[in-house]
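In the two complexes below, chain A is the common chain; its partner is chain B in one and chain C in the other.
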Partner chain A sequence: MDVIDVIVKIITWPPLWQLVVLGLVAPLGVVVGILWFERKTAARVQRRFGPLHVSPRIGGAIQLIADLMRYAFQEIIIPKTVDKGVFLIAPLTALVLSIVPVVAVPFTSVSHYWPIPMEYSVLISLALSTISAIFIVLAGWASNNKFSIIGGMREAYMITAYELMIILAILSVSAMTTSYNFVDVVLAQTGGKWFIILNPLAFLAAFISVLMATSGFPFEIPESENEVVAGPFTEYSGLLYGVNMGAAYIKRFVYSIFITLAFLGGWLPYQPGDGFISGYLIPSLVIIVKATILMAVFSFLRAVYGRYRLDQALDFAWKLLFPLALMGFGLGLLEAYIGLIG
Partner chain B sequence: MSGFVSTRGQVGFNDLKIPGAWSRKIGKDLYEVFIGPQHPGSGHMRIIIRIDGDVIVEADPDMGYVHRTMEKLGEGREWIKGIPLYERMAIHDACNVTLPYVRAVEQLLGIEAPLRAKYLRVLLCEINRIAAYLYGFGIFGVFVGHSTMYMWPFGDREVWIELADWLTGARLTHSYPVFGGVRRDVPADFTNQLRKAIRYMRKRLEEYRKIYVDNPVIRARLEDVGVIPKNLAIELGITGPNLRASGVLYDVRYNDPYEVYDELDFEIPVFQEGDALARVWQRVEEIKQSLRILEQVADWLDKHPREPILHDRFWKTAPPLHKKIFETEGRAKLVPLYALLKVPKGKAYAKAETARGEITYYVESDGGQKPYRVRIVSASARNAIVFKYILPGHRVMDLPTIYGSIDYFPPEADR
Partner chain C sequence: MVPPKPVPKTKPRRGIFHAFKGNLEALMIGVKYFIDPKRFTLIYPKEYNKLREGYRGFIVLIKQKCINCASCARICPAAAMKMIRIPEVDEKTGKQKVKNWPVIDYRRCIFCGYCVDVCPTEALYHVPYHDVVYQNMAEMYLDLESFQKPPEYKAAEEGIPVRYIVDEERGLVKVPYKEGEK
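Let's look at the complex of A and B:
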């Protein structure tokens, strides 16, 4: 009994719970479902079957697990010409750093289950989320391959443009609630006043920016196969390539959690109670489910749109999305001024 | 930098006089990228680009990776064996590519195919043309990152390939036109299925327009990209839909009609813009015209009774068994005469409009069982030069767009 108690204590220790269970295990569980959904819907539009043969009875649902196993057992080739240390460290660091922002957000209103004090959680989590991109550029540079370098540069361009938009759009909720605390932001949305309804402009800006900053399928400019092979990851193989892909995916999941907290009401309409299950587990699940739905919406665009050119994507960011984010910010200020927000 | 010095210390890279091992000086701040021949977006060729930042400054199309010595191989085979050989240049456009060879040899023999055979040739030519355009759409779709436009045309192309399979017995390399006629007559009920396919294709073209050609993202990618001005198009001698999209009315089917194209009612669409979008529209409109031609061919085939589809010179040598097979199954088996065919001494020249433009054959015979010389100028070989003049000034991301919109097909160009 004692051993189990200790294990439960360790797992439910908020930093570990959020970092490992919500940051790493939950995305892996979600990715299997979402990628299957994404491939099946795209296949439906394109009049084919999609994944089928791995498990025909459930429509090929565990195809991704088979793919992951293939990646896991593939030989990791490290070319002679690469900068070995950086080449190995960059993807792993990018993976770890893309999970880290999860510990800086609250998954419940019970202060006992916060990993860190939440007074400035909006700022801290956004700041942490911007670090991992540097390591993708670094991976491209260390690969010593022309396509990798071009891909890394594109990644840098995209990140500088779109992460600013994400930060601006999400900060507009701080303007609305006059607080940098995600708990205050969520609690201000009590009673169905979700900020997606009150401030759709900022939500739209955040949504599109996340899609572009994480190289979602129609906007995978840094990795577009026909120009730069696999972008920064051209020289990677096996598990390291999988880690690279996983980092991008987890990053998008983390941004989905941010958007859920900022615009989709966080753990609302559920009211966290006492104890681990009602105070921490269920609110976490509510947030994960909302983020998963958001991820599913992201994947819908896959079949319909082509790829923007890099300069057009940047034009789009600065000429369309930047004003949109500013308008969202202004709308938030206006609503706070006229007292629309509790 | 004074060139590369090898580790052995004696010979610099520039001292080697081996072709292909010469080093080139490139300008300051230029970045040389070799795209192909093993690049996911290059096809069987290489484009060497030098970029300044994100803008292409110079581009060298480097072709010849799939050269298969078609012309030389042709000199070593009997006349009839040239047909399956030359259609390997563009297997999905087999009828169009081999037809001028057949017609050139027919000129030397002094014979002409029966009228029904001519209609059947036109039938397969147009089916091939549509399938080839759809193939080009699919490749182009994946180049601009539009996965649906990759899957749809490849799926719809299957309709036309199945029709060709039904007609000729082969999905791609049909070897359908032979000297003095064609190999098979249409199966029963073929024309009805053909009309069904035409109706289906018209409906699908409208759906392509909705999801692809009028898609705002795709339009932003294609408009004013890779513009070939009219005068440059004429100067470089490019051909086919690329030429017509630049505002030049030139189509062999119209300017120099062969087979029964002069009896059919169709139009040659011409676009003035000359950019990638115009080239897509050009192909869409040409598919519509091909459908129109197919409709008329289907009507003609329905109205006219079955008659021999081989010229009498060959047909009269056919054994009774062959004639029986033709009457019961509509298949004209190759008569033994073809194997020992001797073509009179002389020179002949023929051309046709393939899906990628004009293809010309110059055939010379010394009176023997094998050609003395067959010279082929294919459409893709003429279009390849355009990369050198169009790419500079565009961004790297425009390269697949332009490459896809030209619909360049390396095996056809390299022969």
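Let's look at the complex of A and C:
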């Protein structure tokens, strides 16, 4: 066995593959593309050009690389008044914890390529995905700055609003398939019976609550720059700020993967075969492409919507979204009862 | 006259379906603009806005027409137009004398156009542009020589002219400027 074989073996070891390649490298590529798309789309709809002059021929696509480099080389300023340890640890932990749920979801139906046993993957991944938000509140608290604290409090309010809805909305697919296993959920959608068609209510609830969870427009409340500068991230600069933003986008990407698996048919219509390429690589790619499209839709909303006030958002979440999620859950149960799901 | 009575604003209709419809309409407009963007950004150095005749831009003096009446300096609300004394030789009598001539200080001028309007002999006129660059503040206080020349319009040398028109359907639209248009 030579070196390349060993390296390939290590990279394609399922936990590492999902954590590093699908959890970190793929989102980074997707995020750079999506950020560019977001800015271009917002500009198109608002009748501007967006990034352009960096590379006029490809529509300013290099702008994001330039921004990334600027973040990387910027000085990281740690103010005297912050709680240094927490200030440094919070964004990094948030980043790591927002990647972790990727390891608890299946990217293929071949059990050989699951990083962990998948019997309770829906529950485990949802549970893992809820941890990282607390570190954003923590980052705001450690910054010792009024904008950060207000932003952190807003985030905390939003957590109470969205967390339950996400879990309810995604668990409604468990109700439909009577299984906590994402593999069963995906396989139940074989033959075009995607749950977005069978249960649009739950999909809508999941979609909106993910928007809330990742502070996308119109719920970009914790970080709204014309009220609280950058919310919990006000005191961060340079790469740490980039890490914060990256964590938010990776979180959105992970939630997009959840929604893809739960409602958009996961790796279907592709049937995973044997071997690494057809059993693991292609299904993961299918899922990532679907998640990317979902991310693009999330970004598109930025161009259309303004920003809700915090009270409006909470009002919306508890008075409209919560019943919607419950209705989705009920619809799922009903469909399972009358035997609509194979 | 009796002031008009305040009309109470009608409350916007509330309701889930109304809100849903509103959201859907907003999204549809977004999609519409996404497919057919109606951009009107002026890509400045490459394009420049060809302004219409009568635009109150920079001001130029025609010295031959000026009768040194100082009306322009008196009416100027920003004290930008000033009269300066320049000694010269009278052509007929050959005697030494001093005359007052107007000069302009663009650090103060607000481009109100009063001086052009008030001038009894139409010795002042506007050029239809305003994007002129000076390298320092002192340069913006013109002397009599430079006040008689239209300021250099760099954008016109490098860019292509465009016009903005208001379209019934599309709103503000950028169109290329056709030669000879007013």
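One rule holds for everything that comes next: the second predicted complex is superposed on the first by the 340 of 342 C-alpha atoms of A that agree within 3 Å, B and C clash if a C-alpha of one lies under 4 Å from a C-alpha of the other, contacts with A are read in each partner's own complex, and residues count from 1 in each chain.
The working rule: a contact is a pair of C-beta atoms (placed from the backbone, for glycine too) under 8 Å apart; a residue touches a chain by one contact, two chains touch by 3 or more.
Since the model is a prediction, treat every value here as computed from it, not as a measurement.
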| item | value |
| --- | --- |
| Combined model on chain A where chain B meets chain C, clash or fit | clash |
| Contacts of A:V54 with chain B and chain C, given as first, second, both or neither | neither |
| First, second, both or neither for A:R44, with chain B first and chain C second | second |
| Touched partner set for A:I65, first chain B, second chain C, both or neither | neither |
| A:V86 touches, of chain B and chain C: first, second, both or neither? | neither |
| Touching partner for A:E220 - first (chain B), second (chain C), both, neither | first |
| Partner chain in contact with A:L24 - chain B first, chain C second, else both or neither | neither |
| Which superposed partner A:Y308 touches (first chain B, second chain C, both, neither) | first |
| Of chain B and chain C, the chain that contacts the larger number of chain A residues | B |
| Partner chain(s) touched by A:V229 [first = chain B, second = chain C, both, neither] | first |
| Residues of chain A that lie at the interface with chain B and also at the interface with chain C | 45-48, 303-305 |
| Residues on chain C engaged by chain A in the complex (per definition of touch) | 16, 26-27, 29-30, 33-34, 37-41, 43 |
| Of chain A, residues touching chain C in the complex | 41, 44-49, 300-301, 303-305, 320 |
| Complex contacts: residues of chain A adjacent to chain B | 42, 45-48, 146-147, 150, 217-218, 220-221, 224-227, 229, 302-312 |
| Sites on chain B touched by chain A in the complex | 31, 33, 39-41, 54, 141-152, 155, 211, 215, 217-218, 220-221, 395-400 |
